[in-house]
């Protein structure tokens, strides 16, 4: 801080105001890794957000940057380590990154790495999966890895996956008071954009054999199966049901958070025009309402 | 215009300034139609934008609304007609809507309807396609239908489909001048977000047997096949190739416009760290650059 | 095209399918220029999209890139020319760019440059405009410049400016038919996100003294004044009124296109709860509806 | 839950999996309130997100909705209460809403209301602020109010405000290691999109005289003043400085969180073309890089 060494403008605040929890890092690092060792190329497409924690008070208060790793360095590191280390799941790459950053300087105590993996399908050409052409799929595999370089917590998720069922959902028997006008129904469309996150047990995180990608695929499968397999009296009911089914299937998961925006589909009022359009109609015409939307969120954990 | 009947503020402009081409309508009508006649439900999810043209000068200049159909009425109409008429492609529904609007009032001479169909896959539950549960797919089927109620032009398209190939693309031998610094390459990633639109011949539009959905599926298939089937010396070359292959396959299409943003993937400079990362590396680490991007656009038509 | 010189896969299409209108270029070039010659710094923040036209058939059909300027070169050029040339309006910089690109190679015949200038206010510190600190303002100044390097057409615009008035707008006397349910009103909120574009006369474009920034500021002022100064019986009426007032004020403008999404504000039904909430209420409670929306568009030109 | 009364599919999970923390509500309620009591209309434009907490286990596990208030009812309530209650700040309206919801049913124990107020300037017509015409301003006033109906916590914020300074910022003396390539600088552009949130002390929240709107305006003023008033050796330094200055100015605030994405502006390499473009250049040409970006976050609190 050459220019201001003779006086520190922040001196006026020292002692009276304190830097508390803080973190900093590089966001939106858009990393693509291609393994072309075999004719069948392997593609990995990941957005990485790094946030480090440690003792950064001198920088904040005194303008002394000696303990700060540049966020540009974090970016370089993500690309450099990806070459040899992004060979497995994004969860494991997250742990690798934190281990590295922990050792980059004494002021760094650990941090959090968020990874968003965009999923690609192999392109179908004449019905055959192509070796090196791909189509971006819906939905994302997310992971949040935190730790001090020795112990980690790992949360994985499914994001931006839109699902819908055209029947076997209702909304009845709810609390009614002065501002309640909504009629009851035992047959409606249920639609949501999935944002589901699950925490791994410490045992699973310590176990190097934990196959995060296989578990991700299994949760994605279970989520869809459990979404479709029952009459849903409420989004809340389906939330508990899906969460429980995932916990039952994977002992490596300690608890799961489900966040379901209720993307309302409202039967359009065609009675005004002498037409029928109701929950019992063979053909239904609905307005997909963008806003406002219900938002149902909760954790399901082992009893 | 009760409040202003005694004087028209626009009188000061009449005769000197003229209303030229104009249109108005309702945009972002979010329509969902479910056919539940059979246990295997049929889902149609369409965004509709209506824009009508006609003689609307009195409204603009004099504040006389007698010739204006309310945009709210257009919305009602879209939902009302969807029940019995949205039984086939969105292209045919677009023609149905224009025919109807043409007759809604003498001032209306025709218009344009844009339709964006969101595609849904049947959900796989234990490997079986579900009857009434769905997952939103990537990409959209778009259509723009214009006409006067008797004659129509129909353009269909594929939108927001992201595709990529990890080899068999290069960029060499281009014009070099004072501001040219880009090195040549004969092996790079090629990635784009497809925005392709094709015009149907008048004959195809008049033919009630034209199967727009089948042609859409065929173009989508051909687009991917032709994207993957050659070494691409430039996005331009692939543009002409894909366009020609579509025209060859479907005689119903008169010409096709392809718009390809070139989503650059740049080999990250790891040489600084003593690592190899080049076009010949087995494992490549790349930065997926969001901006700026090349944009390559052109029409291909029958000679 | 080293790899494919012995055979051109596109040969199968030549003669039967023709490249028609086409263009290519670099989009989303994010350029910032700071003039620090004086203590009061001057900031220019522009997004530039370049699209060139010319004879690019060889590249498309035969894979011969010799006539193609790399889009990376276009980016370099925009930054390089900005230093000495972006000293006035974005409109003039657009013409400068096209003049330059026209001479970059014989295949290039001209093109279109779109410029989006983000506007910044000087930050107010203790009520005084700061010399080098700025706050991003609402709205954008856009320009589209096309030409062959000698003759140009220039269109300027205002974009993403949200305006609203809480009274002096109505919607009555419109066409009613079978699907019309909307009640009439002589007092409603009128809100829109402005997208207005005006074309300069050839004389104005040729005149080096044309002050595009001053005219932009004048149109912005007139737009707001004319939006507020009358009872609006329809968005269409206000469209003609605003367009005419702009044309009257600036002889340099030949015609103007106005595109007004009608951002509906709907009185919420509180009568169900025994409350009054109508167009005559002192206090109104409204739902700002995001979708669908009316979209009113038209050109106003000199008679 | 008429259809499933004879059997509860979730019975298979009861006892083994437990519903933990959960909440639900209505998001994206777009509320506009206009007070037209005087000719000078008063406009309030607020997005409201409601999330209630309580004992909702029966709904999740057994499909018994009797304790659930419909999210549609929450929406009705927001509009209904806005008429008489949204007369002051959004913070106070948030407390009013929670007090109301707390009493809507015995299962509801409290909740969180998030309010995002869009700010509007009076339109200037011939230099005079208009009575009923408005232009949307940059930035948003946010508030998060949580509580059980009796005790509340209130956090307010400034969001989506973009600020920039063209000098008096540097980045030197930072930690260097194997992946560090960034050069040092004592003169760069500093730009960010502000996301700042401050917590009120319990005393301030209990005090009905607390003027949240005045404090918001004061923080906005202080933020800009402190951003501009010093040489910034790092975003971290400015974070502590701004946070401390806000705490010094407003004793009602207990602590403040600042989140600053570092919107990098990179001097474009023009040396390749024989031009000068450096930190000491009178005229600088920069690339406004959208991604990746540094993200600097921290709390400042009273010592």
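Lettered A, B, C and D in written order, each chain numbered from 1.
Here is the rule we go by: a residue touches a chain if its C-beta (ideal position, glycine included) is under 8 Å from a C-beta of that chain, and two chains touch if they have at least 3 such contacts.
Remember, it's a predicted structure, so these values are computed and weren't measured experimentally.
Asker: Weigh A-D against B-D on C-beta contact pairs and write down the one with more.
Answerer: When B-D is set beside A-D, the one with more contacts is A-D.
Asker: From the C-alpha centre of chain A to that of chain D, how far is it in Å?
Answerer: Here chain A and chain D have centroids separated by 21 Å.
Asker: I'd like to verify one number: the distance from the centre of chain A to the centre of chain B, where each centre is the average of its C-alpha atoms, in whole angstrom.
Answerer: Spacing between the chain centres: roughly 30 Å.
Asker: As a quick test, compute the distance in whole Å between the mean CA positions of chain B and chain D.
Answerer: Here the centre of chain D sits 36 Å away from the centre of chain B.
Asker: Hunt down the residues of chain C that sit against at least two other chains at once, touch-wise.
Answerer: Residues 30, 76, 80, 179, 181, 229, 272-273, 290-291.
Asker: Linking chains that touch, what shape results: line, ring, star, complete or other?
Answerer: complete
Asker: Under the stated contact criterion, what part of chain B meets chain C in this complex?
Answerer: Touch list, chain B to chain C: 1-4, 9-10, 12-13, 15-30, 49, 51, 56, 59-61, 63-73, 75-77, 80, 104-105, 107, 170-175, 177, 179-182, 186, 229-231, 233-237, 239-241, 243-245, 247-248, 255, 261-262, 291-303.
Asker: Chain D touches which residues of chain C in the complex?
Answerer: Chain C residues touching chain D: 30-37, 41, 43, 45, 76, 79-80, 82-84, 120, 123-126, 130, 132-138, 161-168, 189, 221, 224-225, 227-229, 265, 268, 270, 272-273, 275, 277, 281-290.
Asker: Which positions of chain A touch chain C when the two form their complex?
Answerer: Against chain C, the touching part of chain A is residues 178-179, 181, 272-273, 290-291.
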